[in-house]
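First the structure, which I've put down as structure tokens, then a few questions once you've had a look.
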């Protein structure tokens, strides 16, 4: 259950519908995920979040698949179950293979381990890295 | 200050030196970072961590630069200052440009924001994503 | 499922009942949440937690509603689903409107984003802020 | 040390200067913090972050001081030292008294404690809270 | 639902079966948990994770029960519901009593509280602790 | 720098001194750490935190050294540098050997890795663990 009612397209205001339309057109899908339907209760947040996401996730120096993999890495680290499910699906749509997924998970796990070792051993940053 | 003395090559046991040698050969560098010198106080952890890291970070379905970017994303999410500094340096050595770094940071920031929105709005996973 | 049996009022010891009674009187409710029924398996933790919470959440320099909003902000950041649900309900009872809830979520999301940017860019604290 | 060079006003591009000017005008200050000088290496992120922050932190259903307190609560939970220092200063400028600061800290600490208790005891969300 | 199909013993490759056999023999159980069945989709991660875990969790300077308690403390702090459930069960099998469990939870909660207080008050490390 | 002035014994109020005295007597030391001097700016938090800590960390079903190890595990997971330094020192005073410290770090690292794997693979809790 969301903390708020999910706003379906049919009942949405023109302002919200315009964002939904842009999401569906940009992503070539015919519906929007629950995430958007939840934050649509706050049209300002809906618009700002979508505009930022669209700008950030577009092809650039990093390709969209790499960006989705990064999104998953952050979502796992933050423990956001919803985001892991939705961005794993998004990454698969962008071409993530099983092998990529497994390597992604291995890197996330390894980094988490050495992060804690470096923190627990209170390792000082090397002079050459500063 | 580390919680332990840093083990320099000169004073290291043959077992520890063997790992240091492999790190330096594999990475084509002539010294090892403080991280390794700290965990070398526990040779079993040194060996296991290096063997795992070497296996996981090698080229595979994901290239080594992408893996370094993922490492940074996890390290930032976990707030490990040492790891951010060392893996940012490692990523630059593997070809991370300024543009890539900026896009990496933007994705990390954006994901962190939507992670919290999805969590705070208590959004349920879409039926189609389960 | 809790890791422990939930202790219902009827089966509770006098020591536990006394805390339940104080919770219900203080909060003007006629039952206690599962959280209390779970930690009641350890009466010392039940009493200490309730006494601390009652002291901290009372009106002071900050009003009780502001304190509930802060509680939600921490709970979202820590990813505690139970706490988000219970404190969102508590905040609504204390007068949190939809508009407040949306602004709360927007601030949490924004702070999470800039937290990661500041960490990832390894920004040093300004001399004037030290 | 930042991962990037801090961009000072004098050397900034017109695009970056425009954002710096808006920050200084909006906040009635005559310089911008290191955070902005760091992310100014990526003018798109600088602009987007500032525009979002300005929109979110303006007076609304929640007043600006409450929003700064929430920002601190998130920053402490995420362990962002830079953000804690800068937003604690910002909150003081907006009127946070010592008493408010102490109560803020107490709520953050208390919430962190009960977050972990609820998680560790695996407490199920009450039917009435769903 | 896992992000991947769970690999049951009957359909597992000889490589995966060998790990399952070792887990079951080492732990004196006749099945493996879902965690292993999920990561078995990546036999390299399955083997590496099991070999590391077996080495780390064996009796040493710390006894196996203490190690399980530490595992729970980390899992609660990281908000991993699966890990909390499985390691709480593992700790009980190794002799964790109700009293131990309650004290474990109390320490986790207390540490989380003082962690945030130390961070929020920006306390400098004492000269004598450096 | 702390966010507040450190309260030294000489300048402390009788209420604060009484807590300092109890800390020094209980711990058989002749000074208190910066942590206490920082939160002493809020005598209510000082007293409540000390009383809770004293109660929780006393010998019980778990011995004081085990409790210190747990404290370190939580502090590393939460990334609290101050707490890691102070509780590592406290654990050494209570008898933590180098071997124990290394095993502690190894368990923390391993748990962090499998926490993320379980989360990223979205593993469902086994029926038998519920």
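In this document, chain identifiers A, B, C, D, E and F correspond to the written order of the chains, with residue numbering beginning at 1 in each.
We adopt the following convention: a contact is a pair of C-beta atoms (placed from the backbone, for glycine too) under 8 Å apart; a residue touches a chain by one contact, two chains touch by 3 or more.
None of these values were measured; they are calculated from a predicted model.
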item: Matching chain pair for C-D (criterion: over half of the contact pairs shared, by residue number), options E-F, A-E or B-C; value: E-F
item: Chain whose Cα centroid lies at the greatest distance from that of subunit E; value: D
item: D-E or A-D, whichever has more C-beta pairs in contact; value: D-E
item: Most distant chain from subunit F, judged by the mean position of its C-alpha atoms; value: A
item: Computed distance of Cα centres, subunit F from subunit A, in Å; value: 34
item: Mean-CA-position distance for subunit C and subunit A (Å); value: 27
item: Centre-to-centre distance between subunit F and subunit C (centres being mean Cα positions), rounded to whole Å; value: 21
item: Interface hub residues of subunit D, defined as touching at least two other chains; value: 1, 3-4, 39, 44-45, 49, 52, 77-81, 84-85, 88, 102, 104-106, 108-110, 112-117, 119-122, 130
item: Subunit D-touching residues of subunit A, taken from the complex the two chains share; value: 1, 44, 48, 52, 55, 130
item: Subunit B residues within the subunit C interface of the complex; value: 72, 76-77, 79, 81, 84-85, 88, 104-105, 108-110, 112-117, 119-122
item: Residues of subunit E touching subunit C in the complex; value: 79, 84-85, 88, 98, 101-102, 105-106, 109, 116
item: Touch list for subunit B against partner subunit F, complex; value: 3-4, 39, 41-42, 44-45, 49, 74, 78-80
item: Subunit E - residues contacting subunit F, complex; value: 1-4, 33-35, 38-39, 45, 49, 52-53, 56-57, 60-62, 66-67, 69-71, 73-75, 77-78, 80-83, 85-87, 89, 97, 99-100, 102-104, 106-108, 110-126, 129-130
